[in-house]
Amino acid sequence: MLRLSRFLPSASRRGFDLKESLWSGSLTFQQAVSTSAANLDDDLSGKKFASYTVFKGKAALSIHPILPSFSKLESGGSRVSKNGSVMLTFWPAVGQRKYDYTKKQLFALSPTEVGSLISLGPAESCEFFHDPSMKSSHEGQVKKSLSITPLGSDSGYFVNITVLNNVEKTNDRLSVPVTKAEFAVIRTALSFALPHIMGWDQALTNHHPAPSSSRKPRVERPHPDSEWER
Amino acid sequence: MLRLSRFLPSASRRGFDLKESLWSGSLTFQQAVSTSAANLDDDLSGKKFASYTVFKGKAALSIHPILPSFSKLESGGSRVSKNGSVMLTFWPAVGQRKYDYTKKQLFALSPTEVGSLISLGPAESCEFFHDPSMKSSHEGQVKKSLSITPLGSDSGYFVNITVLNNVEKTNDRLSVPVTKAEFAVIRTALSFALPHIMGWDQALTNHHPAPSSSRKPRVERPHPDSEWER
Amino acid sequence: MLRLSRFLPSASRRGFDLKESLWSGSLTFQQAVSTSAANLDDDLSGKKFASYTVFKGKAALSIHPILPSFSKLESGGSRVSKNGSVMLTFWPAVGQRKYDYTKKQLFALSPTEVGSLISLGPAESCEFFHDPSMKSSHEGQVKKSLSITPLGSDSGYFVNITVLNNVEKTNDRLSVPVTKAEFAVIRTALSFALPHIMGWDQALTNHHPAPSSSRKPRVERPHPDSEWER
Amino acid sequence: MLRLSRFLPSASRRGFDLKESLWSGSLTFQQAVSTSAANLDDDLSGKKFASYTVFKGKAALSIHPILPSFSKLESGGSRVSKNGSVMLTFWPAVGQRKYDYTKKQLFALSPTEVGSLISLGPAESCEFFHDPSMKSSHEGQVKKSLSITPLGSDSGYFVNITVLNNVEKTNDRLSVPVTKAEFAVIRTALSFALPHIMGWDQALTNHHPAPSSSRKPRVERPHPDSEWER
């Protein structure tokens, strides 16, 4: 919490007042940034953070992208070793325009889950289940689910997170109604983010300098269809 | 006004003639540029400005994007401290192809308002209300609204701005019909702009160099699902 | 024509054989590149050219984007002084897989015309009229029109150019059927190109370095809504 | 195979175990990367590789983009000499979560085939035929086809590859069911990739420095409509 406290107004470490932050426009995901920093355990100098946050009566939802990791190949190039994701962070409201950041819940969408979200029809729902301890001895202790269900009349969606902790015997549920306009922002931002969290933007922008005329001649390849070589 | 005058033909500071500008293609939002410059109060060297402008019988509408601001974090990275926006500028016509730039009205769309606009169905409308003095002692003195209403038969939209000034006792209204083709440009440009005014393009292009093979080994993390750590 | 001849096989300056070019994949708009070069009258070193070309029985159609021009502002920044465009080039066929490049016809789509094309419904048509001598003494001597009409059954479009020359008493018409898949490429490429030919990509990627902590303090602005200042 | 073997677990050169790779997230198309490297015969240092892979019961499908090639022009610029593509790689399953990479089949989508795929309606199919030896003496010896057919109820597609080898008397068929969410990822990634494999991103980002005020004056061009000059 030390890491977070420098962002939070000193008088309200648990229930900080949103009013000033909203007005100055400076809240934007500052807390989640520090979390993300802790998670990634990376050199952060030069890194930039951005998110999209909606504040509603009972909870807030903030969304930010996480970049993929690359690992070096023997050839000198590199390849995606771990896909990025889109992180959803929920906080419960603890009063009017007050949210308790210490009770936040996280849900990281994989590329395919992002695909599910951006292709959701106006009357369709989707639900994802995560077990963060999957394939470990703690498997099944905690179950998370994220569901997106239509508000009706093409007016937006409910975004719900449920976290069932069998060890601590808790069952947290946070629900944020998202308007059609807000969902359009999310859909557009996630469609933009998707090729980036998969590393395709980097694979597609290896802009080599134009080959010089003096380049050594290539061997003729009678069948340029590279799909043919094995 | 001194700032603007260098752009305007000297003989027509109020009602400048659009003909020459349109033909040469050089008008494109030069005035709004200077306004934006004044507003942002930033180092402008190297900055580039672009807009999309439609000139109609009774008024003109120009649209240009405004970048988000970033502020530095202790980690060395930075985060969005203020979202960008999409600025709409309206001018009334004061004659054939003459527009009075001094009577311009501005309306800045937030990311969510941009989301509302780009998801608008052919027969749908939307309306936004702004009070530039909100939460100050001047609250309520001036009320702005922007509405977008269908022209009918899937042929485009009316974009209307109303500015009610209770102090000066004025009520200005400007309306610009936008064809389906022009709205397609606006929708495409705003969809493109949206991730940028939210700073997501910058958050998603922190292209680190590929990690070298000699990199210090990482601590094994049994549960790489970063959503799990708090 | 000297400029072009270096690209064309010496034995077929008028009716060059497409077969070899298609097989090697090297034809891609080389001719139009030289035209574009002549038009732009710019320093071309470092410039890159790309197009999308469809070859059909009676004519070929090639499409390539043209960048906007920027002019310098007193502030040190720059603004779009002339929008870019999307250039369509048509050549008639003069035999099986032979096209006569000297009879090419050009049509440059403005941003709004691009908007019209990318928002075209499956059963919709559009038509644009250009008079290259508009507002000069030669106005009306030559009239060009481009029409896009559905092939029927959601299977693509005819792209037709008509050039009526009242001085030379000629009336050229070239028509290229474009499949649904080819039109999807055109729609996607043009949607991608649109913000670029308007200069929005450059206006949206002025990535300033993150402000340093030691930056001089800003004056407090009680109303950050920049739309309000005039 | 030497090239590949360094990626594969030593104990399972033919039927490698996917479990560990999936869990660590490190499989992502490592094999195809080495193939692609062999094919492109290029300097790979600095190159980045990314893909999207779905593992299903009977086969796996991985998709990755391939950049276009540019060749130098006399002007100093360069132009696309060979379009890029989107490579599909299929592997058969040889057990639970085990795939035989040595039996992979490749299919490279051209820009127009990408256009066909991204414009596919929920109930539509498409099929492409490739003869890698087309126009050589081996024409017709091997025939490949890729078909994409709806799973029904708007729930996704089957992606099928058939490779008929008349010399080896083999007929391989691999089929991968792709969910609606997975297809949304593919559609979004391919729509993103399309302008890049055509080189349009590079043609559209030749960002010249803003012209200086001291630039030599241009000759007046009475008709700036560049479509008019031949």
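Chains here go by letter, A, B, C and D, matching the order in which they are written, and residues are numbered from 1 within each.
Convention: contacts are C-beta pairs under 8 Å (C-beta built on N, C-alpha and C of every residue); 3 or more make two chains touch, one makes a residue touch a chain.
If you're wondering where the values come from, they're calculated on a predicted model, not measured in any experiment.
Taking the mean of C-alpha positions as each chain's centre, the chain lying farthest from the centre of subunit A is C.
Of all residue numbers used at the contact between subunit B and subunit C, under half are used by both chains, marking a mostly different-residue interface. With centres taken as mean Cα positions, subunit C sits 37 Å from subunit A. Between subunit A and subunit D the centroid-to-centroid distance comes to 26 Å (mean Cα coordinates, whole Å).
Among all residues of subunit C, those that touch two or more other chains are 25, 48, 70-71, 77-78, 82, 201-202, 210, 224.
Of all the residues in subunit D, the ones that touch subunit C in their complex are 68, 70-71, 73-83, 111-116, 118-119, 126, 135, 191, 194-195, 198-208, 210-213, 218, 222-230. Touching subunit A in their complex are the following residues of subunit D: 6, 23, 25-26, 28-30, 33, 35-52, 54, 64-67, 69-72, 77-78, 82, 85, 87, 104, 106-108, 130, 132-134, 136, 142, 144, 179-185, 188-189, 192-193, 196-197, 201-202.
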